[in-house]
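We call the chains A, B, C and D, going by the order they appear; numbering starts again at 1 in every chain.
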Amino acid sequence: MVQDDAVVDQSLLERIHDEVRPLIGTGRVADYIPALAAVNARGFGLAVASADGEVFGVGDYRVPFSVQSLSKVFAFGLALSLETGRIWDRVGHEPSNHAFNSLLQLERDRGVPRNPFVNAGALVTVDQLLSRTGDAVGALRAFVRAEAANPDIDVDKAVATSERDNCHRNAALAHLIASYGNLDNDIDAVLDHYVAQCALAMSCRDLALAGRFLVRHGVRAGGGRLLSAADTKRLNATMFVCGMYDGVGEFAYRVGLPAKSGVGGGIVAVVPGRYVICVWSPGLDASGNSVAGVAALEALSAATGWSAF
Amino acid sequence: MVQDDAVVDQSLLERIHDEVRPLIGTGRVADYIPALAAVNARGFGLAVASADGEVFGVGDYRVPFSVQSLSKVFAFGLALSLETGRIWDRVGHEPSNHAFNSLLQLERDRGVPRNPFVNAGALVTVDQLLSRTGDAVGALRAFVRAEAANPDIDVDKAVATSERDNCHRNAALAHLIASYGNLDNDIDAVLDHYVAQCALAMSCRDLALAGRFLVRHGVRAGGGRLLSAADTKRLNATMFVCGMYDGVGEFAYRVGLPAKSGVGGGIVAVVPGRYVICVWSPGLDASGNSVAGVAALEALSAATGWSAF
Amino acid sequence: MVQDDAVVDQSLLERIHDEVRPLIGTGRVADYIPALAAVNARGFGLAVASADGEVFGVGDYRVPFSVQSLSKVFAFGLALSLETGRIWDRVGHEPSNHAFNSLLQLERDRGVPRNPFVNAGALVTVDQLLSRTGDAVGALRAFVRAEAANPDIDVDKAVATSERDNCHRNAALAHLIASYGNLDNDIDAVLDHYVAQCALAMSCRDLALAGRFLVRHGVRAGGGRLLSAADTKRLNATMFVCGMYDGVGEFAYRVGLPAKSGVGGGIVAVVPGRYVICVWSPGLDASGNSVAGVAALEALSAATGWSAF
Amino acid sequence: MVQDDAVVDQSLLERIHDEVRPLIGTGRVADYIPALAAVNARGFGLAVASADGEVFGVGDYRVPFSVQSLSKVFAFGLALSLETGRIWDRVGHEPSNHAFNSLLQLERDRGVPRNPFVNAGALVTVDQLLSRTGDAVGALRAFVRAEAANPDIDVDKAVATSERDNCHRNAALAHLIASYGNLDNDIDAVLDHYVAQCALAMSCRDLALAGRFLVRHGVRAGGGRLLSAADTKRLNATMFVCGMYDGVGEFAYRVGLPAKSGVGGGIVAVVPGRYVICVWSPGLDASGNSVAGVAALEALSAATGWSAF
């Protein structure tokens, strides 16, 4: 349940920063591509954006980092808006007990990814965006620029190139999906746009602002509607049960908010109807979630009583 | 997000009843034991209890039915209250992708059940209650009687006996858990108490009233504290990601509330901080959830905007 | 292919003994029950029996040890003889990729064990023997006594009692099989006879002699027929693909003979049409197969050219 | 056990042909590519080649058909000969319980295929042949031409092209293997050679003759050595436990010979030390094995007593 008296302010975020400081720099930085491994392992940023766009932040909350899987939330929201719900025929909304890039369940489910927040689901999302827009990553970039009011948001080309050269596993997922007839576009094009979207560089501030449609019942920052209230509720609910890989239950238990994490060290969390939180710190735990990031969200949830329940 | 203006009243419940009437009697009544198969397949009840004990109800909302797995919520709440959290060492809080009585994951997880809402988790809960109280089902019955202010709540002996004679699969679960050292009491005693707790007969009204600690931040109907607010939040969060078997994502998508279902046809759902809903209708879908019950919750959620998000 | 010129004699076995001597005492002795853990870890015996009953042996080949899973071969042969093939409806003949006592596949296959050489299959075998004979272990004991011409073969009561007190996992298997309707007798009786059969104490000499029906096309030592030639061939073939747990391929690759191992450290292997080999040494590898035993069979196979192929 | 008195002659094969005639045309012809679906569904051929090259045959035993997975046996034998055993570090020898093109186990085993007879294993084999020879399919074609004394054996270009256009699943396997670092060559090149090898067109006569190294202890038709006797034994043993996909146990039970099947409807079976059998008929059972082909091998095994045991 969202406590009505829970108020966020600068001093609260500073206390949280102090509390998790010993954890910053712990965990393991993603190093499967050189461009990611080069990040400052001691970076930490935390931003909270209210529904109407007020932002509080501490630490490196204006420093852009590689969004990686955080892009899945925005891409799926955009795909859903262009499709009035039909994408749910191509991707499920059940949690996955397996690691984020597992082929096990994809094969068992005959090419229909479990949910939009695993890599397979994101590939289908990109495929759908490509079919609708002709330029999936371009459409996504335009969307997040507008929502965050930051025209400088862009793809980090070095990261994208490096990921494209190391994407055998995503290629395997794409071919497997295609073998079941659930991919419409050329696989190379899908992979190009997928790695580009993962390589978007955004700050905690950008991400918190860009995620506000999730707490504005589907209404965009500029006032237009992206999604219906019902679709937005469904997206939050699906994120709650699917957004943290195989750590979904642990995160629900400790924090209790819909959230999505990325191997770049970012986590976007939603205080229903009120705030979007984005935290970033590159050191990851065994499930691929930011160590200091999860701890910060837990502390923030404990301090404010913010929870979905 | 919980809409502040959503008000429940008798006429709303009657509209919901009308809306789902075509579904009542559809689905398949659980028939693995004769005592359950004898239920009125066309039964339907719906009750909503507010945090402070006001109850609205329609249909057979005062007719007792076999609670079956709904008992898991109350037993676990009780066990948690007696243990100040230590039971979480013996049972996890991750969703299960498998059917409710699967041994697959239990073996993979070396005897630690995935969560308290699958049969294996409930066996561990009963074992813990037995160790603490000496009479697990007696303690549970006393608890629900007190919360529902109904001293007539009792175990249906015919159902209990019938289930005890047909519990090879639960016996297999219990022996497997024991083989990993995660069961302290005699297996026959654990099974006796487990089937008795499943055979509790309660009405929608009873169940909605008894579940109020979930919306009162852990405070019992009589004012004493069962659980801390944090533990109650965790219990709701865990129920959200684990309470509906392998249909967790589907239910989150359609309804968006923490809930637990039982093969007797009942579902208890929680509107965080505000209401406990209990709906009952014996016809089940393929996942073992009440067809008319899920539809009623979906309609209620749509009509009121009630959701965790 | 069986080399026609491969002749076994005492000096050959002594060479093999010398060759594997450094491995004797390595590996891990089964210690899940005290009675097994008390065995002499440095024991080693090797016996070869020809089809007509000539026996060569070295080391402790006359020392009785706990046959454990080796009993599965004899029990199944006996059950097959009493059933003229119908037991194959209750148990399959496909290899298992999982550990010997896994419930995973049993659940996936809806209560039909993968093959007679995993514990689940042996429980079904015992159940069938119980139904036919009224005394499964008695019938089995009579059979091996007759084949080995040794009236002293008997159940080690201390081992049987100890196993019965520690058989939660086999009880889980039995209940799971029963839940699918594939067990006819009382579960306690099945478990009693199962642990008794595993606790038979026999020497390498006993076991090599008792297994001769496997190389005599189904004809017993005394001249009567146990199985048809076709059934015997099928039993050998099934043992080849199923007899060594999850090490089937490795053993086929290294040795290339039908064989069955037991956690007591024994292995019975079949040189088709010619010899039965039994080797024993208690130290086990990670798959539960005797380290020195497998090495001895590999050396013997290399020295003689004995192989099924 | 191989019966010494079992003699193959023309009239025996004609009796087998008569016996299985009712099954010819039953089952389902592989139709995942048009070029395969165009085959004569009522075709049937059976050839038996002795170790020294005498051939008996009936039906369409001189009609070339698409060898598909039968190529795996020859390619692996060739790769093994060029590598003196090191390829066993890159591919296992354990049976697979899953369908022939499953990614499940490949992921679980971290990119090391279970055995050389599943698609993943064949891709690694092709990769190794490519590295050694520069022209994997060319080397393979030269080998089978020489062994079968038939210079007309060639790749069916229409089949190869058609398979290359429909190989998403093999591409997924290849990328997954590559993601674990177990593929050295360019993926497109590996796939080109893989589909070409599958598209080799050979007759039953060709295949029976070409497989003689398996019954000549590794010695080629022309007298040179392909493999050591020990390696040949291991190859036969591995084929016995791995050659018939998820129908390994069923085939061992019914026929009892090392064998490999292909979706073109061919099966190559080995009578250890004596004969190579090749049978062909396009109608497949649920496991992808030729219905009339398996029946013919079972009848032949029953008539002659041929078996590994």
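In this section, a contact is a pair of C-beta atoms (placed from the backbone, for glycine too) under 8 Å apart; a residue touches a chain by one contact, two chains touch by 3 or more.
No experiment lies behind these values; they were computed from the predicted model shown.
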item: Graph separation of chain A and chain C (steps between touching chains); value: 2
item: Same-residue or different-residue interface between chain B and chain C, half as cut-off; value: same
item: Centre-to-centre distance between chain C and chain B (centres being mean Cα positions), rounded to whole Å; value: 47
item: Averaged-CA centre spacing for the pair chain D and chain B, given as whole angstrom; value: 55
item: Centroid distance [mean C-alpha coordinates] between chain D and chain C, Å; value: 33
item: Residue numbers of chain B (touch at least two other chains); value: none
item: Touch list for chain C against partner chain B, complex; value: 102-104, 107-108, 168-169, 171-176, 178-179
item: Sites on chain C touched by chain D in the complex; value: 1-2, 92-97, 105, 115, 215, 217, 229-230, 232-234, 236-238, 240-242, 246, 248-250, 252-253, 256, 258, 270, 272-273, 302, 305, 307-309
